[in-house]
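Okay, here's the structure, questions in a sec.
A, B, C, D and E are the chain letters, set down in written order, and residue numbers restart from 1 in every chain.
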Amino acid sequence: MTDALIVVALLLVAGAATAAVLNRDPVRQALVLSFLGLALALLFTFLQAPDVALSQLAVGSAVTPLMILLTVRKVRRRPGSDDGADEPAGRER
Amino acid sequence: MSASDGWLAAALVPLLALVPVLWRIAHGSPEDRLIGQNLTSLLAGLALLLAAQGFHRTSYNDVALVVSVLGPTGTLIYARFLDVLPDSRLVRWTALVGVPATVLPLCAATGPGRAMVKLLLIGALLIAGSVVTSTSGGKGGVTA
Amino acid sequence: MTVLPYLVAGWIFLIGVYGLVTSRDLIHAVGCLAVTQSSTYVLLLAVGYRDGGTAPVFADAPTDSRVVDPVVQALALTDIVVGATVTALLLALVVQLRKRHGTVDPDALSELKG
Amino acid sequence: MDTARLLPLVVAVPLLGAAVLVATGRRLPRLVSDIVGCAFAAVTAATALLVLFRAGRPGPGAYPVEWVSGWRRVGIVLVGDPLGAGLAALVSLLVVAVLVYSWRYFEEPPRRHTGSFPALILVFQAGMCGFALTGDLFNAFVFFELMGVVAYALTGFRVEEPKPLQGALAFGVVNSLGGYATLLGITLLYARTGELGFAQIGRRLDTEGPDGLVLAAFVLVTTGLLVKAAAVPFHFWLPDAHAVAPTPVCMLLSGVMVELGVYGVARVYWTVFSGPGGLSHPDFTRALLVLGVLTALLGAAMCWQQRHLKRLLAFSTVAHTGLFLIGVAVLTPEGISGTALYVLGHAGVKAALFACVGVLLDRYATVDEHELFGRARELPEAGALFAVGGLALSGLPPFGSGLGKAVAEEAAGHTAAWLPALYVLVSAVTGGAVLRAGLRIFAGAGRRPRDGEEDEPETTGEEEPETGGRLRRIPVPLLAVPAALLAASLAIGVIPAVGSAVGRAGALFTDTGGYRRTVLDGHAAAAPAHPPPHWQLTGILLGLLSAALAVTLATLAVRRPARTGTAALLAPVRRLQSGHIGDYVAWLVAGTALLTVLTVPGVR
Amino acid sequence: MSARARLWVFLVGAAGFAALFAAACFDLPAFGTVPHPYGVRAVRAALSHHTANVIASVNFDLRAFDTLGEETILFSAVLGTVVLLRQARDEHRTDPEPAVVHPRVRRFALLTLPFALLVGLYVIAHGQVSPGGGFQGGVVAATALHLLYIAADYRALERVRPLALYEIGEAAGEAAYVITGLAAVLAGSAFLANVLPFGTLATLSSGGTVPVLNAAVGLEVASGVVVLLARFLDQAVEIEEPGEDGGSPRGSGDSGGNGDDERERA
């Protein structure tokens, strides 16, 4: 039964990683990364590594996405541009 | 099937439920994605609690505890940045039904003691966090 | 099952690098680098796993239980810290880069050539 | 105190210094924090030298081995073999020189963070020393990343300018990616052997035959190290980062950090993979020789094409790294000793040249060869230092770089007879490029070069001075430091004791069995007898030849500044250096595949 | 290179990498089968030092030197970020606009804040006994502090966040780690050797120097992450580039640079 949990978690992680790469808008990516962080934490718990899971949870699902969001906010805050979250990055020149 | 396998099989349920959630986070509207993020931490918390029982390791509950604290925090931070805090009946009902349905049997299995207090605490946090973050507060806050 | 975790690690590495290569936004690229790094955690922990083993934390388990490898877990912890800090530093660079170049599109950066 | 006990202190002391500087940085005046930084660096250097002198005494005898935390075979081991300890000493001495050079160098430290520059340099020192001393694969990865993280921050230190940021970002992404590849390789090795120490892994690998896993582990581990060493095609980040980092940082990056990548490749191969269960010697030689030759040729060609002085020096570092890789590839004690001497001499020369360029930058706010034409006639001292540096770079006897080149090219000549010619050619071209720039800038020789057509990709050299305003008078340290560095490089070539010590270091370094026994069993490793490297007639003649070639090339270029056919020929190669992070990452992956192809016959 | 050429170079390389990695995977021992000698030795070593959490023992005892490097990476990354995200000469600060927060969110955040801090401290304190430790707890505690940003706004967070103190805390954590190691040398042992009494297995005081180093790391990580996020928040919320519109510039009273110190005094 542990194996089933591990396999599902592995596939979730692989899927989340792929989605994180294919979501080219950083804000969307931040949310997927946060999902990836949680999925990894689950996988690590099933692999009997709660210490690593805690670490991944704290870093991957909170701090890293938060830093990305803050960077996006800084980068998109320009004179004359609105704060739209879905604005494609290439538009700002 | 042994008792521990039963708990682990139960943990599969929230785990599999994460698959459509991932789809929503990757493809949905901003509101959808926020709801997805909210659901993720809730379901992950439940899966962790069930797995801890399945592995007979109460110390794994610390992971669920941290999820229950950081999950809503994360959702609120995203709400602040995306400027949406959507109302979601799905999250509310998952929390109000799923958490007791998980935590109460776990409590029964653990028996009274420190571990049970911790379980109840995690359950309460998961419910409170999900309810607060899934009830429309209008905007998550204006631009800071 | 015998090789699936290893192959997943390889997939994550490659898909992350693919994202880096095709990225049109440096913030996205830094995110992809974080994805790439998660492959190393997966591989480390997969290598240290033992069927039927439990975490080598003996507060609530007998000291003679069958345990998984603690060393890889310690390595993965270190690795996670490294990943987070590198991400922070690179994002800081992106913030300043945006100020000075006015863009976060790698295609539009052209100061250093030849 | 036991010498071995001192080994961890080489890492711990600078870290303590950095912590002190950060904790007090808001309160201390600039001068005090500079002094504190120098003091900690100097104490570290003294410790490293003490270890080196105790470990490097001639005659048979074990070198110091320390299990940190006191856990024999369970913890992390630090090994003070003469080569590792020597590199730690080189790093520390160069850091002291850099801190003296940057004494009151930057215009103003970031607000309220007075100590941050020396603190970062101290951490950098700790990372490099740790990397040189460690005998544990994962620990090496940690220090690899530590070096990297500090180096990215230092490269982007001048945030008011666009170029450093772009260079630092490319540096950061490519190096981190290389680091992750290394970690994957380490994990594979751990899965096979269940060990992390070099010696332990090596011993257990040798109990089984080589297979795909060992090959993959070798390729992945080496990828990260070669990225650090800037071997083709992993080299793209280096010119972009070295050209834009603050001058004192360039001195460290080009002087020692890149060479540590080469050291890492050599160390890992000799201790882990050189046995029957690893990668066979011909396979390793083939792979590294191909990469080394490519690196040397490309570096030299690109170096000649540059007009941005720091970029020119950066490409010359690429070229020399190629030569170092060849020296490692031939897999003989002589190759290692020669390369070690070459690295020592090169570090002093390259750092001195960067220091001279720093003077130009702060005085004229540009490091562009064409714009500076004839303007620095008023700085004869700097001009003399620059010229001497150029000659030393080309391998002129009796400089340390000349001795290293002579010994390494002789060792390489035993593997392939045409390799010495490559050494001569590459030294002559890189030295010639430096001399050409020196002739134009400091002597105003020849005709004023015209800017080429705009269709060529080119990085020009307009930069902001790093001292705030332009310097009117050159402060003493800015010239004293390069002079001292060149003198040190000369001393390496002249003092015979250095040569014999390095010879012994090379012999011990290549004694795989001796290393494993010393680390794991505590047996003294007797240094196998080898004649110490010394000046030989062929070496002197070849050194003179490459210096003469360098002068000729420089004179010709100055006389006839018109672009020749080489520029057009090299245009496609130059375009590869596109500054695009995606390109660099793609090349990194392709390089891994190339390395696989080069080593794949290793699986039987 | 054109995007297409780049993709081709990558694809060729990736094919090689994939072949290499797959070959390695099939030569690896099957998932979950083989114990590693080092892992076995580590478990034995940890128990001999009465440390219940073997991972903590590996991190803070057997391979404490790795963790020193790891903490230094964090330390220097924070230092580097502080340096990189400093206020450039041509930038100025503006007051962030106050945020309007729904009362329910505010109540929840304010109630969770002390609790989350407590969880962070709990995770740090139990590092050598149960899963967790200085790093994990430190990050949780630091993140928890930012609930204040959610509950109110950035200015409220700034008021309870004397940044200079956190910077000193970070350096003090790093220094404490090194000094603990040096103390062992002075006691005649190896650097970072575990020289304190080991205590009873699975109690808070067990493990000798493990809890000490754990606490040092906790201090460093918590302070470091706060400083790190503060720099990003500053950039995202307060620092304005020339020509950027935003709130009104700060009054001349504290416009003379970075406002941290002024705020500390207030």
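Worth pointing out:
In this section, a contact is a pair of C-beta atoms (placed from the backbone, for glycine too) under 8 Å apart; a residue touches a chain by one contact, two chains touch by 3 or more.
The shown structure was predicted, so the numbers you read here are calculated from the model rather than taken from an experiment.
Number of steps on the shortest path from chain A to chain B, with steps defined by chain touch: 1.
Counting hops only between chains that touch, chain B reaches chain C in a minimum of 1. For the remaining chains, with chain D not counted, a single touching-connected piece is obtained.
When every chain is represented by the mean of its C-alpha atoms, the one lying closest to the mean of all protein C-alpha atoms is C.
Averaging Cα atoms per chain gives one point for each, and the point farthest from that of chain E is the centre of D.
In this assembly, D is the chain whose CA centroid lies farthest from the centroid of chain A. The distance from the centre of chain A to the centre of chain D, each centre being the mean of the chain's C-alpha atoms, comes to 37 Å.
A separation of 27 Å divides the Cα centre of chain C from that of chain D. Chain B and chain E, compared by their mean Cα positions, are separated by 25 Å.
Once the centre of each chain is set as its mean CA position, chain A and chain E turn out to be 18 Å apart. Residues of chain D in contact with at least two other chains: 138, 142, 145, 149, 152-153, 156, 159-160, 184, 188, 190-191, 196, 575, 578, 580, 582, 585-586, 589.
Shared interface positions of chain C, i.e. residues touching 2 or more other chains, are given as 1, 4-5, 13, 17-18, 21-23, 30, 39, 46-49, 53-55, 57, 59-60, 67-68, 71-73, 75, 77-78, 81-82, 84-86, 88-89, 91, 93-96, 107. Under the contact definition stated at the top, the residues of chain A that touch 2 or more other chains are 22, 30, 48-51, 53-55, 57-59, 62-63, 66-67, 71-74. Under the contact rule defined at the top, the touching pairs of chains are A-B, A-C, A-E, B-C, B-E, C-D, C-E, D-E.
On chain E, the positions that touch chain C within their shared complex are 3, 6-7, 10, 14, 17-18, 21-22, 24-26, 28, 30-36, 38-39, 42-43, 46-47, 52-55, 57-59, 63, 66-67, 69-71, 73-74, 77-78, 80-81, 84-85, 88, 129-131, 135, 201-202, 228, 231-232, 235, 241. By the touch rule above, chain E contacts chain D in their complex via residues 1, 3, 6-7, 9-10, 12-17, 19-21, 23-24, 26-29, 34-39, 41-42, 45, 61-66, 68-70, 72-73, 75-77, 79-90, 164, 167-168, 170-172, 174-175, 178-179, 181-182, 184-185, 189-194, 257-258, 260-261. For chain D in complex with chain C, the residues that touch the partner chain are 138, 142, 145, 148-149, 152-153, 156, 159-163, 165-170, 172-173, 176-177, 179-180, 183-184, 187-188, 190-191, 196, 239-240, 243-244, 305-306, 456-459, 574-575, 577-582, 585-586, 589. Across the complex, chain A is touched by residues 53, 55-56, 123, 131-133, 135-136, 139-140, 143, 146, 225, 228-229, 232-233, 235-237, 243-246 of chain E. Residue ranges on chain C touching chain B, taken from their complex, read 54-55, 57, 59-61.
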